[in-house]
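I'd like to ask some things about the structure below.
First chain written, first letter: the chains are A, B, C and D, and each begins at residue 1.
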Amino acid sequence: MSLALDALTFLAVAAGGFFFLAGTVGLLRFPDTLSRLHALTKADNLGLGLIVLGLLFQMEDPFAALKLVAVWLLTLLAGGAVTQLIAHAALGGRSAGVTT
Amino acid sequence: MALDAVLAVLVVGVAVWTVAARDTFAAVVGFVAFGLLVALIWVRLAAPDVALTEAALGSGLTGGLLLGASTRLGRTEAEATGELPGGLLQFAAATVSVLVSAGLIALVLLLPEPAPTLAPKVAANIAATGLQNPVTAVLMAYRAIDTLLEVMVLLLALVGMWSLAPDHLWGGAPGRREPADPDGVLTFVAQVLLPVGILVAIHIFWVGSVAPGGEFQGATIFAAMWILATMAGLANTPPVMRRSLRLLLIAGPAVFFAIGLAGFAIAGAFLAYPADYAKLLILIIEIPLTLSIATTLALLVAGPPEQEPQR
Amino acid sequence: MIEPLLMPGSATAGGFLLVLAVVLPVLGVLLSLALGGRHAERIALILMPAGLAVAGATTAAVWRTRAVLQYFVGGWYPPLGVAFRADGLSAVMMLVTGLLICGIGLFARVQFASPEQGEGRAPFAFWTLLLAIWGGLNAVFLGGDLFNLYVALELLTFAAVPLVSLDGRAETIKAALRYLLFALLGSILYLLGAVLFYGAYGALAIVILSGRVRAEPVAWAAIALMTAGLLAKAALYPFHLWLPPAHAGAPAPASAILSGLVVKAPFFLVVRLWFDVMPGQPQQAAAQILGTLGAAAILFGSVVALRQARLKLLIAYSTVAQIGYLFLMFPLAVKPVTGHPWSTFAWTGGVVQAISHAVAKAAMFLAAGLIAEALGHDRIARLAGIGRALPVTVLAFGLGGLSLMGLPPSGGFVAKAMLLSAAVSEGQWWWAVVVLTGGLLAAGYVFLVLARSLADPVEPLRLSATISPGRQAVVLALALCAVLLGFVPLRPLELLQIGRPV
Amino acid sequence: MSIAILYGLCSAVLVGLGLFALITHPQPLRKILAFNLIGSGVFLLFGVVAHNGAAAGFGGDPVPQALVITGLVVAFASTALAVALLLRLFQETGRATLQSDD
């Protein structure tokens, strides 16, 4: 049982690591702000999500597990919001899904 | 150990970058990253209380403050690079700095082994404070006078900052009024994050007596939530002459003083607690203290009064 | 919890006075903040005599018992807890501080009068910060713990810096910022030294450290770093750059506090470090460096003061010079030919210099403030006639000047005479040359001002404000105190030696 | 090499680096930043001392750890006051420099 859980953890964390790597490459290589942001958020959201998922298999305390999920959700919120704000600034106030 | 080596190199690298960066804004961003890495060092050094404070206050609030300042200063910062000192001064500064670093390295290596420590004394007396977190015991009992004076330092910084307001703005609200934007992203974030943040702040404050956390860390998160709300335009900062604000600011230190002075009568010394009630009394101090510190921190970020007072 | 070996005697009778000395002003700050408006002034004026009484009672208790007064805050003994201690030196400094704060407070009532309605920015800030400075100074004089002293120093800095920029002009804001940056560098160096002490000896309490410190690199480095930091705060040459614009730009009562009292706190701590923390290891070579910096400050400050066009800047540069005299005490007292450091003429001379400069300089800054208020400017070249318009004020300025020059009867004379005789008896005659030259230069700039003030004006003087006799009387009273200090006997004072091993 | 020594070296380098920046950077904001770097270095030294003093079941000596928390709060207050002075100076003069213009 524990071996299976460890394997699951390994797979999920490895996959998460891969997304982070891909996102970072995208951040460095993509041509303009918007596509860079796209790469970044995909990496953050998916990569972190997978890593959290992987770690959940190792959790014994449900409260700690809940905290981990909360970390992911807060990162999603912060990442999404900051991306919107940066995109807004990059477009010089034109519409980027933000109404001001 | 490998992790520590990587962390140390990273911290020094980011620090070099914040010093070398041409753009001040970039340097400040570097400083925020630096602060978060230093918080990790504190975890490695088995000081989670400090790690929380560093992340929230040293990196978070200080970073926010500096980011705001660098945005406001804008172009003049870039222009000032023209005033860079000559090569000779740079060389002299580098020499002094290297000497200081080298001297400190030597001193670190010379620190005695085994190291002198007060940990056993802290442990031996902690029962009398009713607390389980030794750091909180130092802050609220053994060295309570430091904490009390430090809160006064915070308040004085605020008085000093307010005194910078132009006379016609005295009595106005600190900082600039941010326009409310009901559909804005920031508003959305603030609305979602505020309740969560306040819960986290209460949690961190509450566990402070037994686990890492306490009034300073909790207060910083409270302050951050308040700042977020004002940034999103959900709330304005209160005018500096409002009586309720003044009372909120002094509530913590006032209760601290009151219980401290009562210590003369009930425990035989200023800032002493009778053993049976120590934990309760400390809690009674900490609740208003957290609120006062949070208010002070938030107002320190907001700056001097910049809005016309309402007459 | 108790370390009987290290702490002879527990809290002494009357120890609560020490708590009161710190708590009263700080509570005043809280009350001012809470009540605001005109109450800030009232609270300050009510607390002033109370605080002075506490300082007097402390001094009396120290004198009567011929022993250190101490208090263990929270009942926790060092090294775990923090102790307040008053020896003869602390008591004297507290007493002088109390007197000066009262005088300056009375003087400031007109300048920082609260508005009838609501709250004025400058009055509210001034009275609150005045109390905070008082609390900070007392905490420095009574602190027995290096980290507690750090917090006390910060309290002082945060109260002092905003006083500089109280009038809100751009140049004073710049001066305040420069002051703050110097002070912060000073604090951080001090803190670095403190952590080295803790790392090496496991304590921060001065009493405990003095028993544990050995002659080794870590102790030297710690003392050196802390001293350097304190010198930056005390504005000893070459760290003086921040002082003249800050002290000259502040409103007169604030200048009087800053120049008279605030720069004395870091000096006091250098004395604590050199004579209390490191009693067994006086470093004659290092003391010579301090003395040399002091001598440079005396010569540089006096010469630059002579060349100033504005009265307040002249007085500020004279502060740079007079701070120099304080540090002549170190080469002459750390390793005397005979006896203990604190039984030397130099030690007493240094302390009397600190006190008499505080009183004299406060009187001179207040006098300069009145002159500037009456004339609408403080250009020395255009002072003619002011001697006739404000005779009492100019007299006070002159009496204060006696102390700077070191002419009898004045506290400055006593201090400089003691430093001179110490220089001779210690065989370090070069300091005597510096003291005498400094006195001559001081005579130069004081007479320069007096000559201009007493000259007949070319056209009739038109005053832009009338000055009440009461304010002039306060200034004269302070100046007379500086003169009275001239009757201190010319020998090592017993009061200043209380609390030190004989 | 123990982690305490490693981070001790780190703290020494940070102090030197901050000192260099404090002296050479002309912009006050960069000086404030430099002051914070020095502060971090000094606080880390407290951390190292605390870690060396681990005893009585504590991972580190709690006294220096508590002192750092006090120090961090004071450092924040310093930064806030310095920034406020700087911004006021900028508002009044349109420039943010400590160079004397007399």
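Everything below uses one rule, namely that contacts are C-beta pairs under 8 Å (C-beta built on N, C-alpha and C of every residue); 3 or more make two chains touch, one makes a residue touch a chain.
Everything numeric in this text was worked out from a predicted model, so none of it was measured.
J.: What are the two chains with the top count of C-beta contact pairs?
T.: Greatest number of C-beta pairs in contact occurs for B-D.
J.: Round to the nearest whole Å and give the separation of the Cα centres of subunit A and subunit D.
T.: About 32 Å, centre to centre.
J.: Taking each chain's centre as the mean position of its Cα atoms, how many Å separate subunit A from subunit B?
T.: 29
J.: Centre to centre, by mean C-alpha position, how many angstrom separate subunit A and subunit C?
T.: About 58 Å separates the centre of subunit A from that of subunit C.
J.: For subunit B, write out the residues touching at least two other chains, lowest number first.
T.: Residues 111, 115-118, 122, 124, 142-143, 146, 150, 153, 157, 160-161, 164 of subunit B each touch two or more of the other chains.
J.: Can you list every residue of subunit A that touches 2 or more other chains, as numbers and ranges?
T.: none
J.: Got the subunit C residues that touch at least 2 other chains?
T.: Subunit C, residues with two or more chain partners: 80, 147, 151, 154, 158, 161-162, 165, 173, 196, 198-199, 202.
J.: With touch defined as at the top, which chains are paired up in contact here?
T.: According to the stated criterion, the contacting chain pairs are A-B, B-C, B-D, C-D.
J.: In their complex, what parts of subunit C are in touch with subunit D?
T.: 80, 147, 151, 154, 158, 161-162, 165, 169-170, 173-174, 176-178, 180-181, 184-185, 187-188, 191-192, 195-196, 198-199, 202, 245
J.: Within the complex, which stretch of subunit A touches subunit B?
T.: Residues in contact with subunit B: 70, 74, 77-78, 81, 84-85, 88, 98-100.
J.: What residues of subunit B sit close enough to touch subunit D in their complex?
T.: 1, 4-5, 8, 11-12, 15-16, 18-19, 24, 27-28, 31, 34-35, 38, 41-42, 44-47, 49-50, 53-54, 57-58, 61-62, 65-66, 69-70, 72-73, 76-77, 80-81, 83-85, 89-90, 93-94, 96-98, 100-102, 104-105, 108-109, 111, 113-120, 122-124, 134-135, 137-139, 142-143, 146-147, 150, 153-154, 157, 160-161, 164, 214, 216, 293, 297, 300-301, 303-304
J.: Please name which positions on subunit D make contact with subunit C in the complex.
T.: Counting only subunit D, the residues touching subunit C are 15, 22, 28, 31-32, 35, 38-39, 42, 45-46, 48-49, 52-53, 63-64, 67, 70-71, 74, 77-78, 81-82, 85-86, 88-89, 92-93, 98, 100.
J.: So in the complex, the part of subunit C that touches subunit B is made up of which residues?
T.: Residues of subunit C touching subunit B: 1, 11, 16, 19, 23, 26-27, 29-30, 33-36, 71-76, 79-82, 118-122, 124-125, 128-129, 132, 135, 139, 147-148, 151-152, 154-155, 158-159, 161-162, 165-166, 168, 173, 196, 198-203, 217-218, 221.
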